[in-house]
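Two complexes are shown next, each including chain A; its partner changes from chain B in the first to chain C in the second.
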Partner chain A sequence: MKRFRRHAGLWVWCYAMLFPVLAIYAYVRIYPIGRSVQLSFFDWKLMARVRPFIGWDNYTRMLGDENFHIAIWNTFVYSLATVLLSTVIALPLAVLLARRGRASAVYQTIYFLPVITPLVPMSIAWKWIYDYNYGILNYALSFVGIPPIAWLTDPHIALWALVIMGVWKVLGYNLVIFLVGIRNIPAPYIEAASLDGASDLQTFWHVTMPLLRPIVLYVLVTSTINAFNVFTQVYVMTLGSQAAPGQAVRVLVYDIYQNAFQYFRMGYASAEAVTLTLIVLGFTLIQFRAFRQREAA
Partner chain B sequence: MTNAQRRLLRSRITSVLIHGVLSLGALFMLLPMVWMVATSFKLPGEIAVWPPHLLPQQPTWANYSGLFEAAPFLRFFGNSVFIAVASTASCVVTSMIAGAVFAKYRFPGRGVLFMLVLATAIVPFEAYMIPLYIELVRIHWINTYQAIILPTLVMSFGIFLVRQHVASAIPDELMEAARVDGASESWTFRRVLVPLSGNAIAAVGIFAFIQAWAAFIWPLLVANNQLLFNMEVGLTAFQFRFSADYGKLMAGSTLSTVPMLIVFLLLRRRIIENMALTGIKG
Partner chain C sequence: MSALTGVGKLRRRDALALAGAAALAGTRSARAADTKLTIWTGYPEIQPVYQAVAAEYAKTHPGVTFDFFSTSLREAEQKLTAAVPTGTGPDIFDIGTNISINFIDNQLIEPNPPDIDAHLKSGVWGKFTVDFFTLDGKTYGLPFLEGSRASMYWNKAYFQEAGLSGPPATFPELIEAAKKLVKIDSQGRMTRSGISLRLSGQGSGIGEKFRYILEAAGGSLIEQKGPGKWHNGYDNQAGRDALGFYVDAVQTWHIDDPKVPHDADAFASGATAMLFRESWVIGEIQSKNPKLDYGVAPIPAWKAGMPRMMLLQPEGVYVNGQSQNKAAAWDFVKFLTNARGGMKLTEVTGWLSPRTDIDWKPLLAKTPQFEVFVAPPSDIKYYVEPVLTAFDEVESRLADRLTASYIDPSLKGNPDAIAARIHDMAQQTDKILKDAKLYG
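Coming up: the complex of A and B.
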């Protein structure tokens, strides 16, 4: 009985400590997450007095909505391209850096800089880089004889302009994670390969890559999840003169933002938000699986 | 040429090539920032020229002084600082408390509660900002600082980080010793757990600050009065009005970026290591 009392006292102390933190979680995360599922089944408009339950109507409307199709397609293309490009570029760079000591730290710092810079100012800077008339990118390309490109205003290219900026932003993050992975590979593996007469390229393909596979998978999934939430760049690049046409770069979060906060169709936008959550959850499950494999290995 | 010489030459050439590739990449990474800062010091006449000058030939502060006249950027900057500091303080305190309790105490529901905290981090904020906005309309918090800061008060990643640190770096014996001496739990928490968690607390603080500084979509929704704008929202509002005035736009962008660059260059190793080791954001 005495022991129980001591335990119970400790428990009360724990709950008392946790209560304020968990209360914030309940109010700003758990409740809104639940509520967004609920809203997605209502015709919920901010200004309307009546907000009837409409079952799956928001979802069926969404599936037939051309804007949603465009948004989903663009988000997939953007994510796939950004993730693949940034991985394919970061991997060999990490291999090159792994062997260098002091110089590696300098390169790492430079490559990592974009990761911590805020997105709004950098998006504005990139919009200026992409400027058709005076942008530095078109100037740089003129040296290789490439005529000026309408990076943002050409609807076929605008999304790719976003991809380039996206790669620039996440490359350093992927690089650092790969670098840690490579440095964790026991040296004897690499030495054995080179003693057996393998070239650097062969060592990379047959020794480094297989050992790095779980980390590559991890990077692929986390950066896909991050890429799916792309919004700020799109918002900035479609703003003002010489901007990207909205349809060409419409992504999922942008569509949610517009429906909810420009047309005030909160119920419909919530259906899209739930879809976004489900997609991200799907990727997360893949990641948990991969992690379990990694621990088992 | 002997074989050894040939091999040496080959490795020299490879080394030069590798550095060439790496430097070219580094140039690409730095270019946007250099271009931004350089443009912010150019007069309008030098911005709209072809071929463009990479560096200003007659550097000027005109864009910076003009910026503060055109919009209350000093206020925006102050708001950004205030929001980031408030969010950081809250994240540090809440992460320390929850992380330590989850790490060192056993009580019914511990596992479930911890899972719940982590699980909410999987759902992107953009997916539940709508109900949160509706709720804040209901309690009349739109256009208040509380509303801007509210979602950034807690950080699951921070709780996770502190829990990992406390569980692995602080031995139970230390706490037991304090208890044997008759210390209360609160005393043990304040005098044993907190002082030994400096590293984790610093990491949480850095990440919270970086995140809160760059916050955009939520302030965009709940701050409609320009007195409440942070740098990010202020910049987009300014961009909307003066979209062609790249001199001032780059001056504002530079002002918003420089604090992060300073934080990064000062705490570079810690930031990179923590990000790489935990690999989690949000």
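Coming up: the complex of A and C.
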């Protein structure tokens, strides 16, 4: 008790200093989530004067909404592909770049550049890269005899074009996180494996990977959250007449945006947003549990 | 003394009151003199017109200053929809009726003041245009630009090269012409489309372009069945013909392809021989390829004996119902929409003024391609953009399905599949109308 009294001033001081940050966080993060949950139970149109409570109607309506089904499926495919590819490619690259040297730093910079470039101009640039007639990608492919591909306008390919761009965007971030993890593995473990005669692959699989598990979990969780929230590139790449067909690349955040800001159905869009939050939360919990079970085993 | 004092006190009070009144009057006159009008537009190309008209207006109204904001149409719609109900919108904005109807329904746009109402009905706009800005006997806003009157652009050099004497008058003629105009290279790739249709992307524009064909074929997207009651107007032969036209254009006749460049840019650069579009494309051609030899004709009739159709879509300029400067704002809007402002709008941007009292001769002498827009042939039949809250959703969600249908191989040469697809789309349209309580 005496100790508490002695430190009471410090506690008050700390919380008083933290309060503005916590208050801002609650206002810009927690309150909107709570408000979205609330709106999802109302027929809340942006400009309507009457916004009646409709219970679960927005949620039941989603079950019969073709656009929502397409958006869920496309988002799931995009997320799975982007997360898996960006992780599978970033991990071996990180192992290669973990060896210190000037070249390593140069490559890290190159890989990290897409992470810091703004998404809207880059999406416009990718729209040109993917152009059927004048795009640099088809031009490059022509040197190896591959005929031009309608990256954006072919509905069977358009989503994969977004996946490629998504992997390009996130790869550098995942790589740097893996790199930090690998470089923090204590050297004696690697040396011990080497003394025991383990090959590079065996060292990676039996020493590096188990010690890197928390980092892999972090990368998977953050990549999944980012992938499920994909929007900007979809919005840019479906604009105009020479763009991807809307349905082929319809993702959940795009559907939410359209319902909220084009059709002004805030209640329905909120129900979709709540559903998206629950899906992402579910995947995150599954990933945590899977990793914990492995660690326990 | 007391009397004197009394007089003195009275004088002091009077003096104070007068000083106070003078101060208030000064403040008021300073406020009137410092009026700042904010203007938002969804047409960035129109901002120079606003600026030029505002500069002219400021010569006679030195106390009025302006603040302009322009962005793409969709973003302007979204910003206005968020800003106007929350009291953070501009004093003046231009917008389509698909959005203004929502504002009117929710009293965010007020009925026109008597002098503006009289101005609208003064005869300088046609009856149809005035009706478009009238709801339940009250008028809202002033007509600013004609958002459609879409017509057919045709490349004269390509037509001559293909041995074609002039623009097609019917769709069968158009198809034959397009087959002759399309260019395919030795590897089977289309290098020039016969006609540029809207085949990809997203949004209501795709539905709007589908309407050009649908209306020509005798259908319509939605039909009014009574006051406030509508249902789809394309689950019929016209709807099947229109979808069939697109499917065949891409898959059978190969006169267009989603992979080649499209729209105004394609026409201006010579990547297509024909295009259905509004008058603003003339402005685009003037800025991007002024030497292009082209003509503009009405969109053809579906077949001989059927009428040629033209979409009318006047867009208005409105004063925000919550503006603190309504009187000044209306005064400027009146000035903006006068005949000089209308001519400037068309000269600078290619968008048409809907006024009927503008002398277009100087413009036509310089740019004869405007003729079909400013003086359409007398046989043209008009159809309009329904002023409904749900119409944008009807067009946009139809568009979602159309783009996939145009390239769906199962629809090629399969009238039953086309009929089934049209029926599905029409059911979706009716469902949107039901949800909006507009179905009947």
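In this text, the second predicted complex is superposed on the first by the 250 of 297 C-alpha atoms of A that agree within 3 Å, B and C clash if a C-alpha of one lies under 4 Å from a C-alpha of the other, contacts with A are read in each partner's own complex, and residues count from 1 in each chain.
Keep this in mind: contacts are C-beta pairs under 8 Å (C-beta built on N, C-alpha and C of every residue); 3 or more make two chains touch, one makes a residue touch a chain.
All of these numbers come straight from a predicted model, not from anything done at the bench.
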{"item": "Partners on chain A (chain B, chain C) - clash or fit", "value": "clash"}
{"item": "Touching partner for A:240 - first (chain B), second (chain C), both, neither", "value": "both"}
{"item": "Per-residue contact with chain A, leading partner among chain C and chain B", "value": "B"}
{"item": "Which of chain B and chain C A:185 touches, first, second, both or neither", "value": "neither"}
{"item": "Partner chain(s) touched by A:133 [first = chain B, second = chain C, both, neither]", "value": "both"}
{"item": "First, second, both or neither for A:77, with chain B first and chain C second", "value": "neither"}
{"item": "Partner chain(s) touched by A:261 [first = chain B, second = chain C, both, neither]", "value": "both"}
{"item": "Touching partner for A:153 - first (chain B), second (chain C), both, neither", "value": "second"}
{"item": "Partner chain in contact with A:121 - chain B first, chain C second, else both or neither", "value": "first"}
{"item": "A:47 touches, of chain B and chain C: first, second, both or neither?", "value": "second"}
{"item": "Segment of chain B intruding into chain C (one of 148-156, 202-210, 220-228 or 256-264)", "value": "220-228"}
{"item": "Intersection of chain A interface sets (partners chain B, chain C)", "value": "46, 133, 239-243, 261"}
{"item": "Parts of chain A lying in touch with chain C, wherever the complex brings them together", "value": "46-49, 67, 132-133, 148, 150, 152-155, 238-248, 250, 258, 261-264"}
{"item": "Touching residues (chain side chain C, partner chain A) in the complex", "value": "74, 77-78, 81-82, 85, 102-103, 105-106, 108, 189, 196, 198-203, 258-263, 392-393, 396-397, 399-401, 403-404, 407"}
{"item": "Interface residues, chain B side, partner chain A - complex", "value": "18-19, 21-22, 25-26, 28-33, 35-36, 39, 47-52, 54, 94, 97-98, 101, 105, 107-108, 110, 113, 116-117, 120, 122-124, 126-135, 137, 150-151, 153-154, 159, 185-186, 189, 210, 213-214, 216-217, 220-221, 231-232, 235-236, 239-240, 243-244, 246, 249-250, 252-254, 256-257, 260-261, 263-265, 268, 271-272, 275-277, 279, 281"}
{"item": "Footprint of chain B on chain A - complex, ascending", "value": "10-11, 13-15, 17-18, 20-22, 24-25, 28-33, 35-36, 39, 46, 89, 93, 96-97, 103, 107-122, 124-126, 128-129, 131, 133-136, 139, 142, 168, 171-173, 176-177, 179-180, 218, 222, 225-226, 228-229, 231-232, 235-236, 239-243, 253, 256-257, 260-261, 266, 269-270, 273-274, 276-277, 280-281, 284"}
